[in-house]
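Have a look at these structures, which come just after this line.
In what follows, subunit A forms one complex with subunit B and a second complex with subunit C.
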Partner chain A sequence: MSLVEVKALHISFGEREVVSDINLSIAQGQRVGVVGESGSGKSLTALSIIDLLPEAAIQHGEITRNLPKGDKLRGKHIGMVFQEPMTTLNPLMRVGDQIKEALELHLPDIDFDSRVAELVAEVDLPPTTALRYPHELSGGQRQRIGLAIALAGEPELLIADEPTSALDMITQAQIISLIRRICDQRKMALLFISHDLGAVSALCDHIHVLEKGRQVEHGETTAVLKSPREDYTKRLIAAAKPTRRRLTTRKIGTPLLELTGISKRFKLPGPFWAKKQYLQALDDISLTINEAECVGLVGPSGCGKTTLSRIIAGLNKAQHGAIRFDGQDISQQRGQMPKAARRELSMVFQDPFGSFDPRLTMAHSLYEPLNLMPELGQTERRERVEMALERVGLSPDMLNRHPHAFSGGQRQRFAIARSLVLRPKLVVLDEPVSALDVSIRGDVLELLAELREKFGIAYLFVSHDLDVVRAVADRVLVMERGRIVEQGDVDAVFDAPQADITKRLLNARLSI
Partner chain B sequence: MDSGLFARALKHPSFRLGLFGSAGFLLLAIVSVFWTPHPTDIVDVPNRFGEFSSVNWLGTDYLGRDQLSLLMVGIATSLKVAALAVAIGALIGVPLGLIAAAQRGWLEAFILRGNDFIFAFPAIISAIIITTLFGPSAINAMVAIGIFNIPVFARVARGAALSLWTLEYVDAAKLSGLSNGQISFRHILPNIASLLIVQATIQLSLGVLAEAGLSYIGLGTQPPETSLGLMLKEAQSFFFGFPMQAIIPGIAIVLFVISFNLLGDGLRDTLDPKLTKAGGIDVAS
Partner chain C sequence: MIGFAVTRIFGVAVTLLVAAAIIFLLLDIMPGDPARFMLGINATEDAVAALRTDLGLDKPTLERFFIWLFGLFQGDLGISFSQREPVTALMLERLQVSLPLALSALFLSTIIGLPIGIIAAQNRGKFGDTSAMILAQIGVAIPNFWFAMLLVLLFAVTWRIFPPGGFVPWGENPAHAARSLVLPAIALALPQAAILARIMRTSLVDIMQADFIRTARAKGLSLNQAVWRHGVRNALLPVLTIMGLQFAFLIAGTIIVENVFYLPGLGRLIFSAISARDLIVVRSSILVLVALVILVMFIVDLTYAWVDPRIRQGGQRDG
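After this line comes the complex of A and B, so read on.
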């Protein structure tokens, strides 16, 4: 008999149906995964099981929970781990007390302190962690505490809603193996919700694929992954294994960008009388990017890859070192980057939603870079913008609309178009596909490869996703704590990693 | 502000009530410029302390002037003083806040410490200093209140602008070679405008109160002009004999301030996505 049985579940907000006809069953100790993109209704499905739907939601269908009657449902029989470890804990309470709070609710007759210590040990944290406040813990540690709280009521079912999306790759792999171990030990059922097919397949025996509120496919994980029946599932699986793209007609050229001995440190906040504390964000970085070359930059979070890419794009300044771009020294200590260099260099940001001013039309945003070329006339400007749009496969009549009218993928195309308006020689791509749903990632990567082939643009491709980097980059740089610890041809580095961090990053991959 | 937002705000009961009240007061003030039921500068002493009647709807004051006419002119004066004080505060404070957020460093520290300096003095004491130095008048009261609006607007503008400076579209604008000033006007100001509008309505109601306070202690509007605070002050001596003389302008001040506060609250509720999001789950996306 299954623990939870969902039959013909429909959820709607007013007229709009966001979940339609979902059937799902979770047996005792079974690990079930729900995969879908944003807006597929996967979170709402989970919330309906734990009876936490927002008030405005109207729910039809049958949810049978074979759990003891009379007790509280939430916490006691079903535990939940949320996505954002930063906001799920109360910042004013020691984390041990927050675990204790859950214990007091569900198991009032036990010795709380020893049980808290057991739970902290179960999620692989040192005993002293219980005395700390959330801000003293890293994201991964907080997620472990979140898990300990969910386990406090000894639930039969654990619901985990994107528990690893906010974490870096190495921590994600650790949390996933922890969840798997705990489920096995406690014989606890799991409902794991994620947009990441890799994470779901690493954990779950049964998988449901959702698209726009509908259940597209479900079955045994291995069966679904090996022989997907529906197009949508096939697309998801294909996107998780990005196609390899290399230059075919064009050759990699002469050095375009050369960094020598770039260093940057940040002053840490503290009282003015105390000894100054510094964080060495970049430590003696030297690198070269050639014309039409795609260089991948990978590393764990906090390794300095964002700082480095911002320095290359000219948004931040380095304290030491020289930058030569296109045969010209652009690392002046004072003043702005010269306009001539700005024209040749642009950047695409990670978040397609944050990279456009919500109050301006796309036209305003796309004409903005032409500010650097005041010598151009009105018709030339329009030609440039329209050509850039054409290159990314968008039409000029979309220009009069505001950013909110477009999907994430379209916005990222606009962002790429904006970076192309100036016809740059180098584009810094800061996690250009991480915020996109997997099914459109492939399109954007294909577009980038095509542009490189046609126009010989060089890329610095910053990403945490090693599979994507391997697919698109010619050469890869691995960073750790502000230093480049390993570099070379992407296949050589990934096939025979030398540095410890490269090995750890490669091991943390959740491939399907 | 787009029309969709206005329609959304209209559904908010306190916004509707506030809009209705504020519009009423504004209308009275505008009408008073062109027409009042009776002239306010003609003294008719035999007819003083008149009761409510069909000629003088709200009676007459201690000089026999029509109370309703005085009230209308008084509302206009109070509104003018408060509005100009808000304008002074916003026109100086908002640029200061934008500069502080854009430049950071010593300039920001300087502006912030300047704010603290103004905040360190009780408003009424500075107003007394200003009016002692330059003589009591509506204009000087306006300047005194306006100076206190500067740090309020500077803080709101800086706080909101700081969070916008970390966004990627601002980085994109920097990459396009826009100067900090251009970014502030093109990207930052339009995006914080809604917050500033809310702050302005709240400062407006505070300005009406401040003007009434200053006039009441004789540092604001001077006779023969009139304002709500001055009417209160003049009625004070006759309060036990003729309480309506004080109650009428008093009620007017209360309604005035409540209307603008409700308007500001309603606007803030509509504009602040953190307060409108229901249930904590963004169901729209």
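After this line comes the complex of A and C, so read on.
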């Protein structure tokens, strides 16, 4: 008999139906995965099982839970962990107390403190962690605490809603193996929800594929992955293995950007009389990017990738070292980067939702960079913007709308168009596809490759996703603790990694 | 926590010193001769010269500043020109009224405003919320002197429970003194309570959308338990700032209510000092007010740190 049986589940908000006719069952100790993109209804399905749907949601259908009656369902029989480790814990409360709170609700007769210690140990954290506040922990540590809270009531079913999506690859792999181990030890069933086919297939015996609130396909994981029946599933699988894109006619040119001995440190907060403490974000970084070359930059979170890309884009300043761009030394300038360099160097950010001012029209956001070129007339400006839009496959009549009118993929196209209006020679791409659903990732990567081929734009491609980097980059730089620890041809590095961190990053990949 | 407090105390000291210098200079660089200004246009040259010597205006600015500052450290705020009394004594007398009045008004507005805000947030969009917010809107819109007059009409004229005005010093009759502050405190508290209720509601409504409230519910807490155990404390942070600002207003901005109830408070002292061109009292009262506000903000900062571990540990609040 199955633990939870969902039959013909429909969820709607007013007139809008967001989940239609979902059927799934979870047996005792079984690990079931639900894969889908944003808006596929996967989280709402999970929330309906644990009875936590938002008030405005109307639910139809049948959810049978073969769990002891009379007790509390949430926390006691079903535990749940969520996606955002940064915000899922109360910032004002010690994490141990947050675990204890769950124990007090469900197991009032035990010795709370020793049980908290056991739970903290079960999720592989040192005992002192219980006394910490959430902001003192890393994302992975917080997610482990979230797991300990979910486990406190000894649930028969654990629901994990994108628990690893906000974590870096190495941490993701650790959390996934932790979840697997705990499920085995406790003989606990798992409902694992993710947009990442790799993560789901690493954990689950059975998967359900959801698209726009509908169940597209389900079955044994191996069977679905090996011989998918539906187009949508095939596209998901294909997107998880990005196609290789290299220059065909164009050749990689002469050095465009040269960094020598770049160092940057940040002052850590502390009382003013104490000895100043610093975080060495970048330590003696030297690198070269050639014309029309795509250089990948990978590393675990906190390794300095973002700081480095911001320094190259001129958003931060380095304390030491020299930057030459297009034959000109741009590091000796006081204050801002010279206009000429700013025109030829632009940046695309990870979050297509946060990188547009919601109150400005797209036209406003796209014309703004052209203020760096006051010599251009009205017609030329319009030509430039329209050409940039055309290159990314958008039409000019979309310009008068605001960012909220567009999907994530469209916004990222706008972001790329914005970076192109100045016709730059180098674009810094900071995780340009991580926030996008896998099925549109392919389109954006294709677009980037095409622009490189046609216009000879060079890229610095920052990503935590090694498969994507291998698909698009010619060369790769591996960073760890502010240093470049390995670099070279992308195939050479990934086939025969030398540095320990490269090996660990490669091992953490969840391939399907 | 101690490190945080010491850093802040240092900041408070520097702010106070800068504030004292600015207040001193402001009145000093004003065009015209202070002595002549204080005496009026009909004063004789001899009288003006005498007052200048009296005030020490013939000494250089810097020296006068340090004399004044030195006096401040000894609790000497100078002699009032219009009342011929030490300003320190005058102010202490007035603070006996203003300080308890402000504190009780703040206390009242907190115990009225916060629960209303919390109830409104919990019943968001429902009857309780709408009626609480309509009340709050009325409370914000109606001027407090009108409230004051209504209160006098009801409680002093019709029912004769509280005195309609006036003040007997604490030393003479503490019970009577307390009674004469009740109505003014209520009149001052209601509009502030309305503001607090609105801020508390908005803040708590925001917090209730937070992921950690969902975590708390998934843990097994009911919505109410999650709100009380996890929501309210987080929602209090922005409310604290507003309360600090309100206290600053309550200590000196109460002149109209003081007038309605005929209370000898700080507001009226400053008002009459300005009318009498008594620059010494004006300067000292402004400094005392600034000091009080800075002190209150310091207390708010400490409370913040006590509530929020992220601030305690010297970082910036990111929430």
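By our rule, the second predicted complex is superposed on the first by the 511 of 512 C-alpha atoms of A that agree within 3 Å, B and C clash if a C-alpha of one lies under 4 Å from a C-alpha of the other, contacts with A are read in each partner's own complex, and residues count from 1 in each chain.
Quick note on the criterion: a contact is a pair of C-beta atoms (placed from the backbone, for glycine too) under 8 Å apart; a residue touches a chain by one contact, two chains touch by 3 or more.
Note that the coordinates shown come from a computational prediction; the quantities given were computed from them, not determined experimentally.
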| item | value |
| --- | --- |
| Side-by-side fit of subunit B and subunit C on subunit A, or clash | clash |
| Touched partner set for A:F112, first subunit B, second subunit C, both or neither | neither |
| Which of subunit B and subunit C A:F455 touches, first, second, both or neither | neither |
| Touching partner for A:K72 - first (subunit B), second (subunit C), both, neither | second |
| Which superposed partner A:G39 touches (first subunit B, second subunit C, both, neither) | first |
| Residues on subunit A lying within both footprints (that of subunit B and that of subunit C) | none |
| Residue numbers on subunit C that touch subunit A, as the complex places them | 3-4, 6-7, 10, 210-212, 214-221, 229-230, 233-234, 307-310, 313-316, 318-319 |
| Subunit A residues touching subunit C - in the complex, by the definition given at the top | 50, 52, 72, 74-76, 79-80, 82, 84, 87-93, 101-102, 105-106, 133, 135-136, 146, 149-150, 152-153, 269-274 |
| Residues on subunit A engaged by subunit B in the complex (per definition of touch) | 13, 18, 38-39, 43-44, 47, 54-57, 310, 313-315, 336, 339, 342, 345-347, 349-351, 354-360, 365, 368-372, 415, 418 |
| In the complex, subunit B residues that touch subunit A | 167-169, 171-178, 186-187, 190-191, 278-281, 283, 285 |
